[in-house]
């Protein structure tokens, strides 16, 4: 009846002898953006601890936060940090150990388009904002052509494809537009796309396949998923930076920690105008408790969280999901809280 | 084994529609009683009250009593299922079970009731019942074929075999021969003659000759018009009904011109 | 009846000619209409076959390459990214167990309710059941899932995920379909057969079991299979009730399970994998979508097998009529 | 045979045999109560679902529009809940109606084809193939709709728009991605086709031979025979089948979710993107990220879907009931 | 209007089963031809080949020719639909369309011709046909009620009304009176007498008296045993068949004991 055992054998995974004493089942859930990274972490952790099964339900950030605050999930992933109300509820659930929250998964959001023959475009933040808000309607618009003298831009209409679901990617993308081009993008950043009447699709895979299926489309999506589409080098200051994990990691590294939070809570205030960084990033948080009712559970969470913030864990995620590894500073800041997880 | 049936002041309804009004009669054991009358006068309806098949129809109900050896079949403590097991029925249209073989159709009364029966006893019962219905020779080497593959006449005889296989005490027959050829009809009529030694038999028929041939007593039903209830006009010894009926309506019906013509025809044939 | 007004024939050849005319030159308009309808009905069939063929072809051509012994016998435990060595055994197991459980719950309830409606039902209760069964067909599947979750949360507290909750959610969706189709089938059993049985002194319940159900078993099987098909591909309610897992779990009363549709959907949603060292035998960028098609193919084959079994049952039991 | 098998009456005359097996009555009653119990259980489940729905929807039903606008992401300001749900109801009905309009004639055609037109041996195989369509999970329809039907249908949609653009349904512009209600309606139609077909086929097959022969003997062509004997006999069955299909179309989630580019307008343009949305897909789309009052609002829309199905079914029942005494069933 | 039918060397099959073998006969126009014979001998089967209803059954086929005024009904250029329109049929079991009202049942065949029949003409036709079938008085004030609500006998008469409403040239009747009471039977028999002025009529009957009364010529079919094909034994003037048949088998059948008994019964009643 141990669900883990047969699976472990049947995959023939590298179950090198481990002296870990950990065993049992650990369940979490939340942001779907973390799904690939979580897979890599779970595989790595389960390989090191063959008697452990970790589950992650990609039910969405909201579901993850709800599940975490009502105790259904031992840990959760969320594309946004907990707000005050949620934090109160989470603290009530976690008890005296308090809440642990940190940006465990950072990924570049690519602005991707489908124009045959064009692989890359340079776009300034204002231009991106005007395209996505529908002010720029054709590909050969002067604003686009000005920064792309070499590209052959057709006279066709631009079809904007956005996420139809409530998504962390949307929220982070809007946050970028709002910050980098406040005049062109006045909408308050939200998970829901604010403009009616544009093409949309569900999930990262949905927008990508929608963009792939129609010519003249443009969309934003997790950078690891956009094969076959052209990408935008984003204007930062006077230069244009193409997306890369390193440039994305740099944004997080350059951004300060939010103040006035509890010890375990490490949330950041992104700065999107530092030269050489790729400012369109998705920052996704991991949530855990400082104390658990059950010792085994506490050990599992502690082990799993330690693994996923470790260099090894972050590399696994980077390889599997193209994410930006955590900086040593952040790791050092959150590790003490994780190591302090206890049963109580 | 045969049982007397006393019907008293029976009104039969379909919902609010009074189909048969105020029938009282006595059906003698060990005899054949025939019901005759024009179409729609309620013969089938009345017949079905004798084994409580009437109440199977939604909204159908009766008022009055039907007593079998003094016990009201519609009494509170009477199980309609037990009534039907003791009062068998053969219908106007043949209705063998389509999912069953010929053998299983004959054994249906036993098998459907979950009763155990030894293989040899079953074989005997099948043969005896089918012989009784004059069907044995036609089907004996295809007992395992579906009953619905037979011709109309064969199907009806199969249904008769099925009904007599459960050995009821009373046997109701609603125009059992209307789909049969003369030879089968004759066999059934002979069978009725045999059965009445032990059973009470009630038969509905449109065939005056048949009524005259097989029955001891005859009841004549009539209907005043559409929407009116059917009524029992007269019941008496068969010979009396056909020769000197008490009522004019009966006389009109049984001596309808065709009958005269028929007898002429037969006479012509005979010469 | 064009001949109705023509006087009695005298010459034989003339009569022959007229008869031939009457028997061949039937009403042109009617014949044309009959032809048109025949063509339309044939083309309806062709129209319906087009998506079926396209769909099957799509699933086959996309999924067949992924099918292997490993794919069918391994789970996804410890498999991630572009690693093509995982399989869907855990999802097959989950689908079979959860669907079977849902069927075990729904068929008795649904069939008995249909029996109630057809054989006993009258009055307010029957009307209420009929009506509310119809209403029940309108429960969105996600609502059924949420309902099952909140039901089990009442007893087991929050956060439980297990196969049986999914089975309950599926039952909520399946029962009305079972009732509706079984009701139709039972209604088609002629009353004559019931009466024949009653007249043999067979009690009503045995008549129902041995005559009515037996006569309609072929139709009932089809109806139940349709209902199974209705739920075997459900995704949304299973995601919230059963959760997802990469490991094999045979116990529907303990722990998460994976099912084929959820697996296919999740794999599709994952999109491209990242292969840091480029594509290779151990890293296939579009493995997730390949997995999705592979699971879809297996799901269809599974349903096909169920259908085949149903057909055999059907063949076995259908009344040899006419 | 009968003369030898009847033993003399063993009971006092005047007592009809009442022995039967008294247990029969017990079984009879038990069976009846089990059947009734199943019916009641269904009512109970439904009541539980209804209570759950109402209880969960209640906060949204009672909240003011300000409160809703503040905590529900897509909720526009100064809109009552009813106005908010309106476009969703419209989209749901439009999608389902289009699907039903496409599927019903074809389904009847196939059912007739299988029951009365195809060579007997072929029809078995065909029935099997159609059942197969019913068994295809909606996720797969979603995948097929995105990757196969959408691209294939795009030229058709453009053609429709260029020739029939004056007709509101086909008004432009045509979305280049084909993620439009027209595509969804076709997928839904394909999904409900086998459901309608399967039931209709069974019903058509049950048409009494007697009635078919009666029509043929009156000099009916095959189609006329179908029209006089088969279709009227199957009428209530077909309506019932269509309702079953409609129920599925109304509640279908995954395929719509995966294919449709949603919008919240009262729009008949089925070739343009972001015009309509269905309730079921809307719930599935927003549920994962919803919390608090947003969940309640979503469940309130689920309640509305519930009510729609209720109304549709009542209508269908009324149609069937009106001609009940003419139905073939006894 | 009436048409002669010539059948030559007809073999009738159900799949591989030869049901009726080698029948040749001539059916005269403006006359009534009766088919008699024991159950299962293929009377119904043969009758159904005369309007190509036989081929409606899957696997059923015929060899040989059936000519109507010299035209082979099974010829390549012949439309079976047209054949059936000209050769009407009444079945053994009543089969009114359950979904239609009584009126629509009568008009069913006429409506098929798509002829816009005027309301008054339709009313007239309905009344005439129902009167012809002796049903008018019973149903005249419920013409809009479903046909299936009638009793068995009423239903059969409705079917006869429906068949004669299309005014066919030949009318085939398969035991049309087996579910009728004597009064209705008589009406139908009288009707047959009237119809034969214009039509060719073929009737299957188990009722010898009926055959004797209504038919001009009688064909006797017989069957050697189960699984054997039915054959036409003898066909001749009705009076000849019933008085001095050529074949021993015919004599045995028509003078079966019951018939003698029946005539005695009738004689007894008559006195």
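Labels for the chains are A, B, C, D and E, by order of writing; each one numbers its residues from 1.
In this section, a contact is a pair of C-beta atoms (placed from the backbone, for glycine too) under 8 Å apart; a residue touches a chain by one contact, two chains touch by 3 or more.
Labels paired with UniProt names: B, E = Phosphate ABC transporter ATP-binding protein PstB; C = Phosphate transport system permease protein PstA; D = Phosphate transport system permease protein.
Computed from a prediction, not measured in an experiment: that's the story for all the values here.
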Co-neighbours of chain D and chain B - touch as defined: C, E
Graph separation of chain A and chain E (steps between touching chains): 2
Would you kindly say which chain has the C-alpha centre located farthest from the C-alpha centre of chain B? A
Distance-wise, how many Å sit between the C-alpha centres of chain C and chain D, to the nearest whole number? 13
In whole angstrom, how far does the Cα centroid of chain A sit from the Cα centroid of chain D? 40
Roughly how many whole angstrom separate the Cα centroids of chain C and chain E? 47
Give me the residues of chain D that touch two or more other chains. 20, 24-25, 28, 147, 221, 224, 287
Could you list which residues of chain A touch at least two other chains? 32, 59
Can you tell me which residues of chain E touch two or more of the remaining chains? 81-82, 85-86, 93, 112, 166
If we use the touch criterion from the header, which chain pairs count as touching? A-C, A-D, B-C, B-D, B-E, C-D, C-E, D-E
In their shared complex, at which residues does chain E touch chain C? 1, 3, 57, 68-71, 73, 77-79, 81-83, 85-86, 112-114, 166-167, 169
For the complex, which residues does chain E have touching chain D? 51, 53, 56, 58, 81-82, 84-86, 88-89, 91, 93, 95-101, 108-109, 112, 146, 149, 159, 162-163, 166
Taking the touch rule as given, give the residues of chain D at its contact with chain C in the complex, in rising order. 20, 24-25, 27-28, 30-32, 34-43, 45-46, 48-49, 52-53, 56, 105-110, 112-113, 117-118, 126, 128-144, 147-149, 190, 193, 195, 197-199, 202-203, 206, 209, 221-224, 226, 237, 240, 243-244, 247-248, 250-251, 253-254, 279-280, 283-284, 287, 299, 302, 305-306, 308-310, 312-314, 316-317, 329-330
Interface with chain A, chain D side, in the complex: residues 73-74, 146-147, 150-151, 175-179, 257-258, 261-265, 273-274, 285-291, 294
In the complex, the residues of chain B that touch chain E are 37-40, 44, 92-93, 137-139, 141, 151-154, 175, 178-186, 189, 206-209, 212-213, 226, 239, 242-243, 253-263, 265-271
